[in-house]
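Chain naming follows the written order as A, B, C, D, E and F, and within any one chain the residues start at number 1.
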Amino acid sequence: MSTRGKRNKIQICECGESISEEVWKWVIDDSQKALEKEPAMQGLLRDVCLSRSCLAEAIVARLARKLSRRDMSREDLEPVIREALNANPCIIECMARDLVAIADRDPACHSPLEPLLFFKGFHAISTYRIAHWLWQQKRYMLALQFQSVSSEVFGVDIHPAAQIGSGILLDHATGFVVGETAIIRNNVSILHEVTLGGTGKEDGARHPIVESGVLIGAGAKILGRVTIGECAKIAACSVVLNDVAPHTTVAGVPATVVGSAAFTPALDMNQELCP
Amino acid sequence: MSTRGKRNKIQICECGESISEEVWKWVIDDSQKALEKEPAMQGLLRDVCLSRSCLAEAIVARLARKLSRRDMSREDLEPVIREALNANPCIIECMARDLVAIADRDPACHSPLEPLLFFKGFHAISTYRIAHWLWQQKRYMLALQFQSVSSEVFGVDIHPAAQIGSGILLDHATGFVVGETAIIRNNVSILHEVTLGGTGKEDGARHPIVESGVLIGAGAKILGRVTIGECAKIAACSVVLNDVAPHTTVAGVPATVVGSAAFTPALDMNQELCP
Amino acid sequence: MSTRGKRNKIQICECGESISEEVWKWVIDDSQKALEKEPAMQGLLRDVCLSRSCLAEAIVARLARKLSRRDMSREDLEPVIREALNANPCIIECMARDLVAIADRDPACHSPLEPLLFFKGFHAISTYRIAHWLWQQKRYMLALQFQSVSSEVFGVDIHPAAQIGSGILLDHATGFVVGETAIIRNNVSILHEVTLGGTGKEDGARHPIVESGVLIGAGAKILGRVTIGECAKIAACSVVLNDVAPHTTVAGVPATVVGSAAFTPALDMNQELCP
Amino acid sequence: MSTRGKRNKIQICECGESISEEVWKWVIDDSQKALEKEPAMQGLLRDVCLSRSCLAEAIVARLARKLSRRDMSREDLEPVIREALNANPCIIECMARDLVAIADRDPACHSPLEPLLFFKGFHAISTYRIAHWLWQQKRYMLALQFQSVSSEVFGVDIHPAAQIGSGILLDHATGFVVGETAIIRNNVSILHEVTLGGTGKEDGARHPIVESGVLIGAGAKILGRVTIGECAKIAACSVVLNDVAPHTTVAGVPATVVGSAAFTPALDMNQELCP
Amino acid sequence: MSTRGKRNKIQICECGESISEEVWKWVIDDSQKALEKEPAMQGLLRDVCLSRSCLAEAIVARLARKLSRRDMSREDLEPVIREALNANPCIIECMARDLVAIADRDPACHSPLEPLLFFKGFHAISTYRIAHWLWQQKRYMLALQFQSVSSEVFGVDIHPAAQIGSGILLDHATGFVVGETAIIRNNVSILHEVTLGGTGKEDGARHPIVESGVLIGAGAKILGRVTIGECAKIAACSVVLNDVAPHTTVAGVPATVVGSAAFTPALDMNQELCP
Amino acid sequence: MSTRGKRNKIQICECGESISEEVWKWVIDDSQKALEKEPAMQGLLRDVCLSRSCLAEAIVARLARKLSRRDMSREDLEPVIREALNANPCIIECMARDLVAIADRDPACHSPLEPLLFFKGFHAISTYRIAHWLWQQKRYMLALQFQSVSSEVFGVDIHPAAQIGSGILLDHATGFVVGETAIIRNNVSILHEVTLGGTGKEDGARHPIVESGVLIGAGAKILGRVTIGECAKIAACSVVLNDVAPHTTVAGVPATVVGSAAFTPALDMNQELCP
């Protein structure tokens, strides 16, 4: 395994300007190494990374390749994604922070190149970011189409009106469901089969708020307009129907408090009930 | 959001004849509005709606576009779907009732055009309806192929021999599994990751019966030949191994009774334990 | 249903040599019968079975058809899969044992032809077997690409470094997640939405070990370096954070012992808590 | 060869109404026979003929299958072709007369089913008919795209502004070029590599007029605003730069009169210089 | 250019058995060299050559890749081509002789690998060989479909009933047309835009016979049941309406004798009128 | 037709720098007008023009869309084309001059947008320019693959070693064949089915030289190392086996002098024998 040992993670200087440029250098560097080791990957590496000039162009190519279906071809997808990334430069910075978060928190991941190419959690959140921009432009139908394609391709169903911060790790991703009025702050880690769902038929705010630093275990269902406090931990398969205080761990069906939580569960990724 | 406010839902006169014609007018009406607002959608809107003469032809186009894979091309799929819809006119009426149910119960949905184009729950149940017709014709292999493609495309695995009524809302849909001898009556609402599973290796009746008006929360597993009584509610992530009485709410692993249920949980979509 | 009655299962003589040849005869035999009953299936039957000379060539065709996407075309996939099967003949024998296990344990399955053509659980495990061989050859990037495509196509996310034995039934399959250091022995039956996950950020052995004969119910999450003893049974939706003794049944969130288990739960497929 | 013997050609009653209905019965009849003889053709036969209700719908399917490219998918093509055929019912009648002409004049053709499915001359003229209708609606760009796709798929380049009658046999078709102001009357037979070209850079009428009953041999080039008189014959590889009188045969580079012509060369298909 | 210098052509021992095995060794040898020089070609080289075990399997892959269209997918094509090559081993030997002929006679060609991968003349003749076998099996419709696809993909239209020998060089190929009763013997070289056409509407023998050793220049049209004698030469753009004596050169419209011909014009490829 | 009247052609200042920038403004201007007139074209217009930043990126998209086949996907093609255009900026200037030449000389063309989107003559010459650059880099196999794909897609077969200047109008294009050692200077106009062919089997210089200002009519074959002098005119269907003096017109099989030629036949496009 030593050949796959982690390189020193980049120190992200928050005061500095563009994380996406820093990430892009890392991606290109690792793409060239990968090309030498595995010539069979050259098609993907050249199309998505080595023939591109910046992270945004790489994202355009990567998402359009993945989402291409009979409903929307790569030809249809690329102009829309490019338009969104050009119109709002924050989007690419959020994607860059997601890549850094994944490389930092996932022990099976050794470079942002891996999620950029292969992790459907990253692809699904990035697709949501495009759909969310379309929704903000009141292009509702096209936003719904991106949501629909994401649900088909990744098994991830995020309503384009939901609000999601940066530094998100969505691990494995299959079955992730997020409702229309849900809010997720920065630096949150979420395992697969998690639901941030609504209740009832009213159309006001009816989905959860997840504060920063939270870790949500696989299979957890959080339902209704509840707030998961900062740095709380939701154990796997919990059903959460009430607010969760910051820095606490909840578990069970329905979920009850079982302990306090580590400084930042989202960064530790510790799934145990007693941290 | 006011631009996406709901129009008055059509009053479905049960004594009247064809709901599909009523739904079709609504779909065409909203397609034309959508075309004006979002020219980038014109390809999909024209192919599936505006160039078609009835709901059945729109369904043929929509399902064939979605299911088209290397295993079955759009060219292979359309004649089979058309044949089923022509042979049994009840199928299109069931699909029309599903569309009305979704527009009625899902607060994020404003027109049957949305599930027709985008909701994989509707697409998956519709695919099952075709597969079920094939199974009834004893075309077992082709029916299994439709099941297999549905499982790949939507993550929804419904055995073609199962029996499912009309007015079904399958919300988000990913991970829905229904076994060979399961029965679902009319007007049922089911969230994602629900299993109506079997137990053991006998091949008689071994999967659940779900009566009318039931609401099943996300992640619930109902296993064995148990009956979920009329208008019962199964809370999220419950594991149900025994019969559930009508108008009761059950929760937990294994599930126990936690309260009564609203008049018709399937219509209220209230996920709370105490209605 | 009698037309779909089971034929006598083949007696697999463990001392004999190649199960794959035995299975292949069965597959060809049933392919010819299927062709007569359903001419509309001839394209698939001829490409995958009737024009092939052995099970390995059929697997090459079947996997390449299923996995073919914009990222890897059928043309890219076939040479890699063929190379793996040629290099390590054990792989095809494992696949043959999986086919026999499915036909034996799944009451809705009547021939190995059905999982070969249609069951994504079989397709996903087979894809893992190719990815695992690539990982052993230190072709990490290509192995990760197979994992990524499997997660997209089947909703099944198995790290290529994991170790999985033969005679595996992965039923329905959607949402199955297996971490980097997990180990699954022979003759295990696993339902959908099961997770064999890690905990924390260390990169040593951090995922479960599942011994032979185990049955894992739908939605169960097993987290951390715990051992599930031989012939244990994990009930649906259980969250397992500690070792489970052989021949015991556990259930709940978190899981506790609720009884002993049948001789070999994986073969009985009995999902009840008290066997 | 007797199994491929010609059936009695239908007597087309010119005073009667719709030739397309007559042709459609013939096509369906022969499709069913073909399906029995060659099950491997069932995909094409069902999609284009047996699942359709009239010749127009069959043409929509046939052309969209053939022209489908990355530039225009089948999904993009079908609504346009359907729109043209609905708007101007003469188009489908012209296509029906073309089919009858081919079955009548080509000794290697035994049924209108063959050109409908396989003859690119028929496909190319039919594509022109759609492009011409688009041109008449002043949808110039889309008309040019149909011309461009026809040139790519069939090697046939007909300007959409050209005027072409009915009962046209375009045999083999590769390399046929027709300029913007060319006119072709009814019942003309044209072999491959024929050019009806312009001369100079003026943009008025500058391409040939071909009167009824004319036969143009392979490789002939007719250049400038010349008129080919009724029932004239142009020998293979001739270069025609001047008017040709009715009922004469011309040959050579440049072409000179070498004899008179049969009653109707287009119907005889006699390529010899002395009829 | 020296890096592209010709290797010594293999001495084909006519008394020996299989030319296809000899050619296959040459192809594999040059594939490995090509792979080293041009990694970007690895996809094609591996799929068509390096992962195959014999020339026949390489031909199956190469033709199916090229002919794959919406009408017949690669999946539909491979079983048919494989069936033909298995049923009649002479076909692969004819293809091998064609490859040797091209490498021998075309000065721009340095290895049989080049026509195998890239020369549409070779692909078109090989497609005809499959269609001809289908015609012999009385599978007329499928044979016509191969002819139709060849005409679309290559611009080469050879009736499947025509008879063509081995050692054929069809150079550039676009526009080649061969009628139903034409006969071409062995070791003939034919440039592009050549027609072996019929005349009239009778359906007996009505197309040319081309004897061995003949060279036919670009654009030549040979019409009617005429015989082109052994080792004759037809100059470019000639129109031949009468028999041509052996070892003579004809030219013009209509063609007249302009000289004698070299020993074997097909091998010299000398296009001049006076050899 | 007035709505399609020509705008004033741009005055190309030869002393100025980049024609491609001038052409690009024209293309974008006309794309926006086209988008307003024909919304159905928006997919193509946005992908190829409106979402691009310069003519080179538009060419990358346009060629990759057109050439995309099973052998080389759009994903494979784009990095190679982009690499060539980046490495040698003269290529895009040649393409820009071709576009201006077409808009100037073809009376049916009203904007460089039309050949950029639709004219296969322009697409084929542009594909040759990429293949020629690959050949210069000694990437022979990949160059041959581009030639092969061009021959399949456009019916245009230009050897990548040939040398072709700028300002080329290749009208209709089907059947154009150019040999390995042919040379074409600047500002030449060539109709379809023209061959610049070799003779014999020697591999030295054996194909024609075409000087500036020449016009070659449809179907003409020029064979051997002959020189077509400046501003000469070759009539349609001529067979040229000897040098042609500057400013002369030749015609016939074989071609003889029939008159002098206009100042610059390539610009006049007058096909008559006596100018």
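By definition in this document, a contact is a pair of C-beta atoms (placed from the backbone, for glycine too) under 8 Å apart; a residue touches a chain by one contact, two chains touch by 3 or more.
These numbers come from a predicted model, not from an experiment.
The chains in contact with chain C and with chain E alike are A, B, D, F. For A-C, the equivalent interface among the listed pairs B-F, C-E or B-C is B-C, as over half of the contact pairs agree by residue number. Where chain E touches chain F, the two copies mostly use different residue numbers: shared numbers make up under half of all numbers in play.
Here the CA centre of chain B is 48 Å from the CA centre of chain D. Remark: chain B and chain E have CA centroids separated by 56 Å (rounded to whole angstrom). Each of residues 40, 43-44, 65, 70, 74-76, 155, 174-175, 193, 219, 237, 253 in chain D touches at least two other chains.
Of all residues in chain B, those touching chain F in their complex are 39-40, 42-43. Those residues of chain E that touch chain C in the shared complex are 43-44, 46-47, 50-51, 65, 74-76, 78-79, 82-83. Taken together, the chain D residues at the contact with chain F in this complex read 70-71, 76, 80, 138-142, 144-145, 147-148, 151-152, 155, 157, 159, 174-175, 177, 179-180, 193, 195, 197-203, 206, 219, 221, 223-224, 237, 239, 241, 253-254. Within the complex formed with chain B, the chain E residues making contact are 70, 73, 75. Here chain F touches chain D in the complex through residues 3-4, 34, 37-38, 40-41, 43-44, 65-66, 68, 74, 105, 107-108, 114, 117-120, 153-155, 172-175, 191-193, 217-219, 235-238, 251-253, 268-273, going by the rule given at the top.
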